[in-house]
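Chain IDs A, B, C and D follow the sequence of writing; residue 1 opens each chain.
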C-alpha cells in the first residue's frame, strides 16, 4: 500500500495512512474525541507526575528531592497541555472544568464527561506507575505497603497532609492554592492584559504549577485538583494499601476533592473583580491605542495632573 | 439569566457576565483601576514569594533550599507582571515607581498611589502566608516567634542581614542590587538594543530577579524593594514578633527602604550613560539598516580600516 | 585573499570564504550531508550528555547530582537539535528513525545511514569524554576501571539497571519511556493541536527528555535510545572495562537496544489513535474556524445542549 | 524643564531627556560607543557571575552549590547579551572576538578595542564583588586570603584546575570547551539550519554556557574565556592574594588565556566543515522550498529510492 509522506522535521513525525483507512478509524463524534483527548492528556500528566514522586521516594534521596518533583510535575502539566491542547482544552483538573462551567465557558452537560475522563486517566496512570515502580517500591519498603511511617509509600500516588496542620488549615491551603492557580491561568489568558506568548501556554501553565509547588507545597503536597488525587487514591486502596488511604490524616481524602472546587471559583472571581471587569471597552481601547498605545492607564487618570517636571 | 460564552482555550476562561451587570460593576476611574491591579499583582508576587521562604524555613530543609527560594521568587515576580501587566505596569516595587517618575515615565502624583498599593498588597500577602503557614511556623518554633536564634521565623516575612556584614556593606549591597535590577530592566525594554522577546517580559523580569538572588543574595536576602520589605515587617511587628523586627541587625530595617531608591536611579542612569543615550537617531538607523542591517556598529567606525584579510 | 563579510550579530559568526573555495569544499550529495550532520549532532549531544555524568560521578557529589544530569542531558539534546536541525532532522536516536520509517516519514533505505551516523557519533563522543575525564576517572577509582561496586565508572558511558529491578520491569520501563518520548514529540509537532512555539522545537524536545529523566530515570537511567547506549558501551569494552559491560545486570545491554524500537512505535501509534486520527478534516476546520475559532470541540458535540444558565 | 514622556510598559522606562541635553551628551564615534557597551556588558556578566561564586564559597553551602553557580553564570551571560546586544555584539570573550576576526565578521583593528573593554569590564567587576563581599570573604577565611587550602578564596575570582588533572588535560579541556561554545553559537545563529527563536539569542547563549558548566565544569571551572579569567586574576594579585595566583596549579594561569583562542577557531571550523559549507545554495533552496519545504534532505538523495511501503 502506498503512503502519503507528509514531512520530516526535527525528528518528529506526521505521516498519514491511506485516506481510506483514516476515514474508517476516524471518530467524528466530538464528545468521544474530547473524552479520548482528555483521558490521554490526563494520563500523560499523571504518569510523568507520579513517576517523579515514585523516583524520589523509592530512591532514598539519590534520584531527586522535593524540588525535582516540583519541576517534574510542572513539566508533566505542560506536556499534558501539549497533548490534549486544542482538542479537549486539557483541563486535566475537575476544578478547572467546574470553574469554566460556572463562568459559561463550558457546557454543564460536558462536565461529567470531563470528570470521568480525568478520573480514568489518573487511575490508569497510577496503575502504570505501580507496574513500572513495583520492584522499586517493593525493595524500598520490603513489601510492606503502608500509608504512614518511615517507609510509607502511599504518598507516591495521593496526597497526605503534614502531621502538624489542622483540617481547617489544610482546607484553606487547598482553597488558596486552587484560587491562585485559576487566578494566574486567567491572567495568562487575558489578551487585554499581559498574556503569555502565543504558543507558550503549556509552559506558562507549567510554571504556575511549579510556583504553587515551590510556595504552597509543604502543608499537604499541593493536590489542587480533585481528580488528580482521588483516582490514584482509589487505585492504592485496591492495590494493597487498603482503606487506610481514606482514614489517614483524620480522613483527609475529601479535602482535595472539595476545596479545589471552591478555590477555583474564588480565584477566577477575584481576577475578574480586580482586573478583567474593568478593562476599557474594546472599542475605546482601540481608539486610544492609536493615539498612544502605552500610556493608557495614566493618561486617562482624571485626578492626575498632566504636567511633569524634572 | 443567559450568558455570553466567549471561548475555551487551554483550560483558561474568559466568560463574561451579561452586559448590564458588567456595566454596573465596571470601574472607569483609572486611578482606582491602577490601584486595584497594582495591589493584586503585588499581593500575588508576595504570597507566592513569602510562601517559598515559609516552606523552606519551616520544612527543615526537606521542602527546598536557598535555590528553590530564588527560583520561586523569580516566578512570583513573573506572575505578578502577568497579573498587573498592562493595567498598572506591575511595578510591585516603590524603587521602580520612583525611578520611572525621575525619568518622566510616571507622573509624580501617581507615586503615592503606587506605593500605597504596593505596601497594601505586601501587607495582605504577609497576613495570608501567616494564616496558611501558622500551624507550620508554630510546629517549627514551638510557638516562640523570634527574630534571631536557631529557630528564628521573622526571616520568612522581612529580610535581615548576615551577622558578619556592616551596615555600610549592607547599604552598598542594596544600592548595587537595585541598580543592577533597573539597569537590566532598561536593557530588556530597550527596543533599539537587544530587548526581550515580545510577550516574554514577565519571564525576562523574573530571570533578572533570579540572577540577583543567585549572585547577591547571601549578604542580606536581596530585598531590593522598599515595599516588599516594610509591609511584611510591619505585619510581623503586629503579629507577635514585636518591635525586635525593627531593632534587629543594628536597626537594619531602614536600609532596604532607602537604599533601593538610590540604587534604582543610579542603575537606570548608568544604562543611559553607557548605551541608551548613544543610540544613533532613529532616522539614520533606518536608512543604514536598509543598506546593511547587521554591520552597523563596525561599518560606522571612522577609525577602523575597511580592509580585511585572512 | 578577500573575504565576504556577511554579518555580525550577538557574538555569532557567519563569515563565508571566497566563493571559489566554498564550491570546492561543498558536498552536494545529500546522503553525505545528512550523515555528516547526524554524526555531528549526535556527537554534540553525547559529548555534553556523557560529560554531565562523568562530572557528577567523579566529583563525589560536589559537581552535581542526578538532577543536574537530567538538566544537562536535556540541554544536550536541545543543542543536538540545533546542530543537526534542518539538515538531518537531528534524530540522534535509532528508535526515532525507525518510527519515522514505519510511519512513512523517512525512507527505509536511509535507516542504516542514520543508525551508522548515530552509532559513530556516540562512539566518538565516548572516546572524547574518556580523554577529557581520564585524569578524573583515574583519580576517582584509583585506576581500577570497574562496572559495578562502590567506585564503578562504567555508568558514565552506558546505562545499567538498578539492582532491584527484574529484566521484565526493565524492558517495560524502556518501552514506556520511549513510548512517552515519541508520543510527546508527536504532540509537540502536531500543528492541528497545541504544538511548540515555532523555533522552540529544540528546547521543547529537551524538556521532554528532562521530564523522562525526572520521572522514569531511577530504574535504569533512561537510555530510551539504542545508539546512545550501545556506542559508548562498545567503547568501554575496548577501553579497559572489558566484556563485563555486556554481562552486567544479567546481560542488560540488549534491553536498551531492543525495547526503544518497540516503545517508539507504540507511543506514536497511541497518539495517532487517541488524537491525531480524529482531527477534523482541514477543509471543514478552516470553515468552522472562520465562524468561531475557539469553541470547535464543544460546538460540534451533538449530545451537548446549547442552553446554558448561571 | 519639560520632558518627553515616551512610554510606560511593564515597569520599564524609556524616558528621554530634552533633545538639547541629549545631543550634547551623545557620543557619535562608533568605536567609543562599542567600547562603552562592551565594557558595560562584560561588567554586568562578570559582576553577576563572580557574585554567584562568592555567595556559594563564602556561604559554606547554605547559599547554593555548583549547580546554582552554573545557572547563575548562564543567566549572567544572557543579561550581558541583553545589555551589549546590538551595539557591540556583546562578545564579552576575547576568544569569540578573535574567531570573528578570523572568519571575517570583525575587523582585525577592532580586536584590541574589544579585548581592552573585556579586560576592563572583568577587572572592574572583580573589584566590585571584592567590595560587596569583603565582609563575607573576611568572615569566611578569617582575613587570611589564600589561593589554595580548605578556606581558599581566590577561586571566587579566577579559575584553578582540579588537583588531579595534568596541564595537558587542562589545556585540552579548555580547547574542547571553547570549541563547543563556538560550534553551538554558530548553530544557534545559522539561519539556514535550526536557529534560536528571533529575540531568544541571549537566553540561547546562556543555555550553551549552562550546558558547558554542567558537562565540562569539574576539571578546571570552565573559564573558556581569556579575559573573564585574566582580569579578575590580576585584580586578586593586587588585592591581597599576591603572586601565588599566577603560580598555583603549576602556573595554570596561561591555559585559560591561550587555549580558548585555539578552541574557538577549531569549533567554528568544525561547524562549517560538517554543516554550514554544505547548505544548498540559497537560490536552489528557495525553489525547492516552494515545492516541498520539509522533505528537502531526503528528496534530493540520489541513492535513496522513491518507493515506500508499510
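In this text, contacts are C-beta pairs under 8 Å (C-beta built on N, C-alpha and C of every residue); 3 or more make two chains touch, one makes a residue touch a chain.
These are the chains along with the protein names UniProt gives them: A, B, C, D = Aquaporin 7.
Bear in mind the structure is a predicted one, so any value in this text is a computation, not a measurement.
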In terms of residue numbering, is the interface formed by chain A (Aquaporin 7) and chain B (Aquaporin 7) classified as same (over half shared) or different (under half shared)?
different
Report the chain whose CA-based centre is farthest from the CA-based centre of chain A (Aquaporin 7).
D
Using the average of all C-alpha atoms in each chain as its centre, how far is it in Å between chain A (Aquaporin 7) and chain D (Aquaporin 7)?
37
State, to the nearest whole Å, the distance from the C-alpha centre of chain A (Aquaporin 7) to the C-alpha centre of chain C (Aquaporin 7).
26
Enumerate the residues of chain D (Aquaporin 7) that touch no fewer than two other chains.
3, 5-10, 67, 81, 85-86, 89-90, 104, 106, 194, 197-198, 200-202, 297-298, 308-310
Partner chain C (Aquaporin 7), residues of chain D (Aquaporin 7) touching it in the complex
66-67, 70, 81, 85-86, 89-93, 96, 99-100, 103-106, 162, 164-166, 169, 172-173, 176, 180, 182-198, 200-202, 205, 207-208, 210-212, 214-219, 268, 270-271, 273-280, 296-298, 300-305, 308-310
Across the complex, what residues on chain A (Aquaporin 7) touch chain C (Aquaporin 7)?
3-16, 22, 25-31, 33-34, 36-37, 39-40, 44, 47-52, 54-55, 58-59, 62-65, 67-68, 71-72, 75-76, 78-79, 81-90, 102, 104, 106-110, 128, 131-136, 138-139, 197-203
